[in-house]
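Each in structure tokens, the structures are laid out below.
The same subunit A turns up in both complexes below, where it pairs with subunit B and then with subunit C.
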Partner chain A sequence: MEVKVKLFATLRDGRGKIVYIPFFDGITPAYILKHLNIRHEDVAILLVNGRDGEFEQKLLEEDYLSIFPPVGGG
Partner chain B sequence: MYGYVGKILRVNLTDKVTTVEDLDEKLARKFIGGRGLATKMFADEVDPNINPFDEANKMIIATGPLTGTPTPTGGRYMVVTKSPLTGTIASSNSGGYWGPELKFAGYDMIILEGKSKEPCYLMIEDDKVEFRDASHVWGKVVSETTKQLETEAPEKSRILAIGPAGENLSKMAAIMNDYDRAAGRSGVGAVMGSKNLKAIVVRGSGKVEVADKEQLKAVVRDCNKKIRENGVTGQGLPAYGTAVLVNIINENGVFPTNNFQEAQFDKAEDTSGELLAEKYLVRKDPCYRCPIGCGRHCKVGDIEGGGPEYETIWAFGGDCGIDDLEEIIKANYWCNEMGIDTISVGATIACGMELYQKGYIKDADLDGVPLEFGNAKAIVEWTKRIGMREGLGDKMSEGSYRLADSYGVPELSMTVKKQEIPAYDPRAIQGQGLQYATSNRGGCHVRGYLISPEILGLPEKLDRFSLEGKAAWVKIFQDFTAFIDSSGLCLFTSFAMGAPDYAAMYNAVIGAEFDANDVLHAGDRIWNIERIFNLAAGVDPSQDTLPKRLLEDPIPSGPSKGNVARLSELLPEYYELRKWSTDGIPTDECKKELDL
Partner chain C sequence: MKRYSRNHSCITEIDQQLLAKSKVCVLGAGGLGGYIVEMLGRIGVCDITVVDGDVFDVSNLNRQLISNNLNIGMSKVLCTYNHMREVNDEVKINPVNKFINKDNSDKIIKGHDVVVDALDNNNIRKIVFDSCKKLNIPFVYGAIAGWYGQVTTIYPSDQTLDILLKKASNKGKEKLLGNPSFTPALVASIEVSEVIKILTHKGELLRNGFLYIDLLANEYEFNKF
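Entry: the complex of A and B
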């Protein structure tokens, strides 16, 4: 199983649009960010399945992440 | 006088007479300028029940006290009139370079009255004001008009004009300036068209005096630093413009798709801000003294111009089920040329598509261009037809409410007070839903951008599904925005700056002693004069509502599945916070507190 991680805006630089991280019991967004070399302060919006997520929440199989740097305004 | 230049240019188009009047500084300070002051003066001079196209309707084009000063983004102006689309007060804001030029010519605002017998334009060069024949540019698109008038004007003049949509009285017509900046919403371009006024050319040689130059320098330095260091205004908007929201809003499952039948678009990525920056962006196109520079200048083939903004990409993209960014850029271009609001036009085409899908509009009505969700070829063609009022485009030119109503199904129009709701599904952004419902100019996201706290987390993250505290947030955002709109600054500065920053700039420019509370109090006052005008115009509180679909039909799928807008639970609290009666009327106590 893998966790699908969708990256946006500048977070795509050098990483691509979508990254898959092998799932293990207890995996968290914080672990994934570290793995992808993304600092917490560079994350403005973290969504788990399209809902506001927490860095330390335990992910379930089938969960997907959407991660945005500080951007936006319309 | 500081900040204000102290003069009003009154233009009688019927008699071709202009007069210069002194600005009432006391009144100006009470209502700030721009949106606030123009609304106050408009409401004092015009019968709220006037037909917007009657020559007795007026139009005020007003700058704010910070317009034309060194403050960051100090280049905005506001068009205030009675809207032919909504029947409410219209106040449409634009950037670019035209607003400051008007002040350099020596005027805080222009009041347009009456109606010219034949097409004309105004040439303002400092205190020289001329009425000129516009028959040679009547019927021409905005870029051609602007280019032609440039040849007839002093060098470095700034030009504001309407396109064919304004001439044809489309209720969605915009006023354009500097080619592709728009006072876009509520049909203000049609009011200008109804007066047979094609353009206003302005060139000024003066400047705006400020109260305390040294203090202003320090405050501006501080504000610019905040803007630079803020992720949204310092990085996101400069790099991607507003279009970066496509993915953000879609990932949250609140990206209205197929006329709000869905809330997530599986092909949004193909219309994203990231793709726009990668493939079509030619350069940034900042407004006057703007350190943010969200403006885009894009190119597809031989089509090149300003935009598209997020709202535009959504309206012609997801809302019409279209994933072809090139066609969206072209539709945006044609909106600018026609001089018509991209949000309302895109959303009206989306409504037309649903009417076609449900069998109300027939193939025979379509002259070979099906209004089918996903048909990318439809958007450019129908934009032109709407601007020119050709075929069914004639009816569509009246906006989606009147279009859907003509088939007996007004509920298929996604509007508030007959103006199209923008690009955020309020069923799962509860504060934004209340904001849409109570906006004084009908469906609008920039009377109070609750997306900032509810989605982007600025200034703090709120749970978008929750109702808690939302009525208070909406009120504060609406009041705060009313002040910013009246000051002459761009709303986007508020991602990085708070009320104390605006107070500091305002104080340094005009020599006042405002604090953050005064900023909000002035905004509250402005909000209420708009409300009072609307009530007098017969737009009663029962119109503080949302389309039935958003109140009753849960979002069918995606991350926000199962939600509806819980407006009825928020509205009473909002009225109470506003000190309005339970049925939405400003009380005497409210008016007294606001000195109205």
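Entry: the complex of A and C
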């Protein structure tokens, strides 16, 4: 079982658009970010199955993440 | 009226009258704001408040529509006012030559039908949206960085801004990625189309989610919450 991680914009640099992380009981977005060497401050929007997610929430099998970096200019 | 003849029929006569009576507040007169005011004025929104305390700088010339070689150092909102007199003298531009903040936000946006985001930092976006909630005004959000942009329409009861900005820092990646000419033009266009749909009560809005634009990969993805 794997967690599908969709990366957007600059987070794709050196990582690709979609990454699969092996699932284990207790895996969290925070673990996945560390695994992918993504700092929390480089994450503006974290969606779990398309819904607002938390860094420390426990993921379930077949969950997928969407991770967006901050965009703030005008 | 011949000025608006090419608006028809995607904008009907009734829509045109609605636009002429509408009041729209554009926050920021830089990369997004210049395009937004220009497009709102050309389509026939006849009462536009534009808010920005900044002056044009040489570094704005690559993308900020109202900036030119002759107005460097001059007030962005006063230049926008003068520019729009030449574009459409039926449009009343209310220039507010100050930065919006916690103390003046309610007062500035009160009485408008829509508030349009052309700001460049997230802390002010949160303050403005609090005012929008209080005054029951829809907020059209837009943000850019490099090849990337985000747009959404947020009604006072929506949770969208909390989700977009909960983890976000005050500034995004734009300092690193810069802002080329084409991204603000695109994001501004989508913001204006949202404003027009709100004012004319037609079409489908980008609500309860956000449109993420990646021009480098040609991806346009609406992420619905």
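Rule of thumb we're sticking to: the second predicted complex is superposed on the first by the 71 of 74 C-alpha atoms of A that agree within 3 Å, B and C clash if a C-alpha of one lies under 4 Å from a C-alpha of the other, contacts with A are read in each partner's own complex, and residues count from 1 in each chain.
What we mean here is this: contacts are C-beta pairs under 8 Å (C-beta built on N, C-alpha and C of every residue); 3 or more make two chains touch, one makes a residue touch a chain.
Everything quoted here is computed from the prediction, not taken from an experiment.
J.: For A:L60 in the superposed arrangement: first (subunit B), second (subunit C), both or neither?
T.: The answer is neither, since A:L60 touches no partner chain.
J.: If you stack the two complexes on chain A, which partner ends up touching A:N49: first (subunit B), second (subunit C), both, or neither?
T.: After superposition on chain A, A:N49 lies in contact with subunit B alone.
J.: I'd like to know which partner A:P69 touches here: subunit B for first, subunit C for second, both or neither.
T.: A:P69 contacts both subunit B and subunit C.
J.: After the superposition on A, what does A:M1 contact: first (subunit B), second (subunit C), both or neither?
T.: neither
J.: On the A-aligned overlay, A:A9 touches which partner chain: subunit B = first, subunit C = second, or both, or neither?
T.: both
J.: Both subunit B and subunit C touch subunit A; at which residues?
T.: Correct list for subunit A: 8-10, 17, 44-45, 47, 50-52, 66, 68-74.
J.: What part of subunit A is in contact with subunit C in the complex they form?
T.: For this pair, the touching residues of subunit A are 8-10, 17, 40-41, 43-47, 50-52, 66, 68-74.
J.: Over in the complex, which subunit A residues touch subunit B? Could you list them?
T.: Its residues touching subunit B are 6, 8-10, 12, 17, 44-45, 47, 49-52, 66, 68-74.
J.: Once bound in the complex, which stretches of subunit B touch subunit A?
T.: Residues 230-233, 235-237, 239-240, 242, 244-245, 247-248, 251-253, 264, 269, 273-274, 294, 309-311, 423, 445, 449, 451-452, 455-457, 461, 463-464, 492, 495, 558-560 of subunit B touch subunit A in their complex.
J.: Any idea which subunit C residues touch subunit A in the complex?
T.: Contact set of subunit C toward subunit A: 28, 30-33, 117-122, 142-150, 162-174, 176-177, 179, 184, 210, 212, 214, 217, 223-225.
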